[in-house]
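Each structure below appears as C-alpha cells.
Same chain, two partners: chain A is paired with chain B first, then with chain C.
And then the complex of A and B:
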C-alpha cells in the first residue's frame, strides 16, 4: 500500500470511530426506557410495602376498659404501660413549642419570641385560640397532660367534646341525660382502643390547617393531602405509594424529623446506604445523590439544584393557599358588627377579625439558595421599617456546599411593629382581651407583648413582611417535572434571581460567546479553505 | 298537643335569642335518631349527614317552624320524637348554624 493511501485509510478509520463514539454518547445521555435509574431502584428497595405489626391489641388492654370521665384519665391509662412516653414527649417541640431543647432558651418557637405574618404570635401559650393544636388536653398547654390520642387515635372521635358533655350532663340533675352519659361513655370505651401510628389525618388536623385554616400557611400542605392521588403527590398518592407522613418523618424518642427553624432538618444529606439509621427526611435518603439514569445530564445537577426545584413545578395544585394577609385592614365593622366576605375559590378575602387576604392556586414557587436553615426575625430583634422585613428567609449561597437551589412559597403581608422600639409586635388575638373581642389593636398589643415579656412603647404602625416556606410536598410524577428550557432560557427563567453561577441559556458572557464564535467560524473557514485547496489541486490533475 | 308545640316553637323561634331548648341534649337526640335509623337499615351510616353549620339560623327557623324534616330522611324516627326532643334538636341546629356565633365544626 502506498503511503498516501495508508494515510487516507487511517483518517477514514479515525473519522468513523469518532462518529460512532459521538452517536453512542448522544444515546447514553438520552433516557433509555428499558433502564431504571439507580436512585429509583434504591428508593424502591428502601420502601417496600408496609408490613407494620404489633404485639398488642388495645381492645384487650384492661387499662383502657374503663368508664373514663376526663381526658387525663385516658393519658394515665396509656402511661400505665408506655411509662416513658410522656417524659420523652415533654422534651419534644410538639410539646414545648420551643426550637431549643433548653427550655430557658425562648428565642425561637411559637411559645417564644418567634412571630410570623399570619396570626403573628403564640403569645407564650397564653392565646388559648392557638392551643387547639397543642397536644395537651383542654388547651392547658405545657401545664396540662399529654393528649396521646391526638396523634395516636384513628377514630376521628371528638373526645374533648364528649368529656365536656359528660361533665355538663352529670351536673344538670336531669335523669333523662343519665342514659346519654352511659351512651357517651360506651362510645368513648369503644373509640379509645383505636390506637394507631399517626395517620395523615392525625398530622393534618394541625399541619394542613396551620395559620387558622385549610392551606393558609404552607402551600404544599393542605387537606388535599389527606387522600391525594399520585398526580398530586407521587409518594402519598393513595393510587401510588400511599405513604403516611411518618414514612419520611421518622421518629426518635418522640422527636419527629423534619422540623426547620434556625437549625436544618438534617445536618448532612445521607442515603440509607451510607447510614441505615439516617432519617428518611431528605430525597437523598432513599434516592441517593444520583437519582437519574446513568450518564443522564440531570445527575450533574444534584450538587446545585434540589430535587424539589424540578419535581414540584407548582404548589397548591388542588386547594388554594393564602399568599397575602394585610392586618392594616382589620377591625372594620358593618352595623357595629364584625363581618367577612368571600372571594374567588370560596375563600375569605376579608374578615373583620383578621384583615384582608389574597389566595392563589397552582402557584409557581420562588427559588433561593438554601442550606436547610432559615433566618428568623423574632419579636425581640430590631428591624428597619423602611424595608420589607424578612420574618423568615432561607440561608445559603453558591459557596455553601450544603446549599441547593430550592423552591419556596413566600407569604407576604403587613403586620404591626413598635414605632419607637423598632420591633415586630405580638398582639393577643383570642380571649376577653384579644383583638377578636375588643377590635382594639393597641390594647391587644399591650396584652400580647406582656405575655412574651417584651416592652411595648405604646405606638405602633404596620410594616410589610415576608415569610418563607420550603416547598417539599406535592411531588409531581416525573413526566410533569420541569423541562430544561424553564430555567435555561434568557427570558422568564424560573431561576432569574439565582446568583453565583453561570447558567447556559440564561446567562450571556461576551468573552465566552466570542471564543465560541471564533471556534465555529474558524472550523467553517478551515473546511472551506481545505475544500477549495483540494478542488484546485485535483482540478489540475484530472483528465 | 300539636297546638301546644306550635305555640312553644313559635314563641321560641321569635324570641330574640332563639329557641331555648337543651342544645346539648338535642345533639345526642339527633345522633340517636340516625343510630336507630341506621339500625333499621334505612340509612347506611349512623353518622348524620346534615350538620347545623350547613344552613343559617333563618333557614333552620323555617324548617323547624314548618316541621319539614324530609331533607333529613328517617321519617319514622322523626315522627317518634316528643315535642321537647324536637325543641332540643332545633336549639342545637339554631345555635350552631353557619351564621351563629358558634357554628358547628366537624372535628
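And then the complex of A and C:
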C-alpha cells in the first residue's frame, strides 16, 4: 500500500512541477525563439530598395558649366532643366512660411500671425535675422529667388560668402585679385555640381538649430543627429540603418511629409500594406499597427499609446535642449554693453539680447493625447494673462480614434503681451529698430507688430507661456524602450496626468482595496486569535 | 475520547487530490501575480507577472472544464448540495466546542466528504466566485478586442474584489487544515487520500446521498 501511494504522490508532484515548468518554458523562450516581429519584417522590406539611382551626372550638365557671379544665376541654371521646380516650391511651406497653401490666409505660420516662446515672431519676413533659414538667396524671403542649393547641395560650401568675395574682389580691379576671383569661380563651378537629395546636414542646418542655436527648439532634433550612433537613433544611426531625413519625410511636388501644424502630418496612420503610396511618415507606415511579436501584449497598446511614447525614453540624450526662456530678464547691460553668461553644458544661461535660459539633457517627455494637430495661439488671439498661455498645445482626447498618448517637449518661458488688447506681441529683434540693437522692448514691439498688421496699445507686460513639440526622433534601440512599470505603477507613473482610463498597476478603487484588505487582514487576525485560543485552552485541558 | 480508535479511510481519489493541489498552486500563483499587476508590490516584474497570470489563468479555464466534467460524471457534485442541517452545530463547534476539546459534530465519510459549512463555502466558491472570476478574467484578457463594450475599471474592480474574497478564503482554509486530529492530519489526508476518522463514526443517512444511489 504505502509504496504505491508514494509512487502516486511522486507522479502528482512531477505532473504539477511539469505544468509550472512549462509556464517558465513558454516565457523564457519568447525573446529568443528566432521568430521576427512583424513590425521589423515589414520595415526591413520597406527599405530594401534603399539605394537611390539617377540618370544625371550634374558635373556633365552644360547649364552648370558657367562662371556664376550670383546665386540667382545658379537657380536660373537649375530651372533651365528642372522647369517646374520653383513653381512647385513656391507653393510649399518651406517657401511661404504659411501653414495654409492659400497666401491670403496668414493666420498660421512663421510669416503669419503665429508666435512661439523663443524668438517669438517671424514678423512677416521683415525680421531679416530669421531669414537666414529661409530658402531664398540673400535673405530676401518670398521676394527673392529660390536657393536650390540650400537643400540640394551636399558640399557644405558657402556660396553666399563666395559670391560676396567675388563681388568685393572684382570691384577693386587689381590683376592679382582677378586671379583670386578666377579661383573662387572655379571652386563654385566644382561645388555647384555636387547636387544631391537633401542630406541630414542640409535639413539640419535649419531644423537642428531652430530658435537660434543647436538644440534650442525641438529637443529631439539637434546636431547630434548629423552623425548619430544607433543608441541615439536606431533609424539614423550611422552604425545602424543610416537613414537620411528624406527616408521618412517623403516628398510630393516639393511638399515634404511630416509637417505638424494646425493639421496632422497624415489624416490616418496607414501601413504600406494598406496603401503602398502613403507617405512613409508615421511609424505605422513601415512597422504596421501590430509591430511586436505575435500575441505580445504590446500590440494591444498601439490603439492608445503612440510608438514614440515607449521607444523614446528621453530626448536630448546627447546635446542639451532649452527648456526655459525668460524674456523679462532681457536687456540688462554691463558697462552699457550687452553680455552673456555660460552655465552648465557650456550653454548660455543669460544673454542681454534674449534673456534668461535653462537647459536640460536626457529630458523625460510630458505625455498628452495627440491626434496629430496642434492648437496655436497666434498674435491675433485674445489670451487670459492670469493663466499660463498655451502658445501651442496638442489636440486630442481618448474618444478620438486618431489620438494616441504621445510624448512632448514642453518649452516654458515668459514673453511680452499687450496689457490692453490681451494679445501676445511680436517684437522686432534684428535690424536697426530691433531689440537686439536698441534694447527698447516697447519700441521693438511697436515696430514688430506693425509688420504683421496687428495694433499695439502701447502697454505691455510679460506672461508665462508653454510651447509643445511632439517628440518623434531619437528612437532608441528596442532594449532601451520603456518597461511596463514606468507607467503601470502607483507612484510616479509617467502617465499620471492621463486620466479617464483604467491602467492596471496605476489605478485602483480605494473602496475595493479597503474592503479587500479588511477581509484578508481580518481573516488573518481571526485565525491567529482562534489558533492561540486553541493552543492555550485545549492544550491546557487535554494535555 | 482517548479510547476512541482512529482509523483511516480512503476519501480523496487521485484526480481529486491532483486537482486540489494544482488548484492550490494556481490560486497562489494567480493571487501573487494578480496583486503585482494590481500594483500592490514588485516581485517578478510587471511584464513577467502579466505573462504568468495570463498563462495560468487560461490554463485554469481549461482545467476547470475537466473538473466540471469529473464532478458530473462521478456524481461528486452531490457533495456540494447545500444543507442547513447541523450547520449551526458546526459553527458552534468552531466557535466553542473546539476549545473544549469536543469532537467534531460531523465526521467525514466517502459519501459526505464535506461538513455543512464546507458544503456551503465550497459551493459558493465553485459555483459563484470562481465562475465570475473566470468570466471577468477572460473578458479582461480579451478587453482590447472588444473595447468600448465594457468598462475596464468595473471589470478590474470585480476581478480584484473576488481575488480578495479568495485570498480571505485561502487564509481561513489554510488555518482550518490544522484543526484535524493533529496539526497536519488533514493535509496528510489530502496528499495521500487517506483521511483519519473515528472507527465508531456514524454517518447519518442524509449525508450519504452521493453513494447511496450506487
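One rule holds in what follows: the second predicted complex is superposed on the first by the 474 of 543 C-alpha atoms of A that agree within 3 Å, B and C clash if a C-alpha of one lies under 4 Å from a C-alpha of the other, contacts with A are read in each partner's own complex, and residues count from 1 in each chain.
Throughout what follows, a residue touches a chain if its C-beta (ideal position, glycine included) is under 8 Å from a C-beta of that chain, and two chains touch if they have at least 3 such contacts.
Everything numeric in this text was worked out from a predicted model, so none of it was measured.
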Return the chain, chain B or chain C, that is in touch with more residues of chain A. C
Touching partner for A:483 - first (chain B), second (chain C), both, neither: second
Let me test your reading of the model: by the given contact rule, A:297 touches which partner, first (chain B), second (chain C), both or neither? second
Is A:341 touching anything from chain B or chain C once the two structures are fitted on A? First, second, both or neither. neither
Examine A:84 and indicate which partner it touches, taking first as chain B and second as chain C; both and neither are also allowed. neither
Scan A:165 for contacts with chain B and chain C and give back first, second, both or neither. first
Touch test for A:519: chain B only (first), chain C only (second), both, or neither? second
So in the superposed three-chain picture, is A:253 touching just chain B, just chain C, both, or none of them (first/second/both/neither)? neither
If you lay the two complexes on top of each other, which residues of chain A touch chain B in one and chain C in the other? none
Where on chain A does chain C make contact in their complex? 5, 8-9, 12, 15-16, 19-20, 23, 26-27, 297, 300, 303, 483-485, 488-490, 501-502, 504-509, 512-513, 515-517, 519-520, 522-524, 526-527, 530-531, 533-534, 537-538, 541-542
Quick one: in the complex, what on chain B touches chain A? 22, 24-25, 27-28, 32, 107
For the complex, give me every residue of chain C touching chain A. 14, 17-18, 21-22, 25, 29, 37-39, 42, 45-48, 50-52, 55-56, 59, 94, 98-101, 144, 147, 151-153, 156-157, 160-161, 163-165, 167-168, 171-172, 174-175, 178-179, 191-194
Chain A - residues contacting chain B, complex: 156, 158, 161, 165, 168-169, 172, 174, 176-177, 180, 183-184, 205
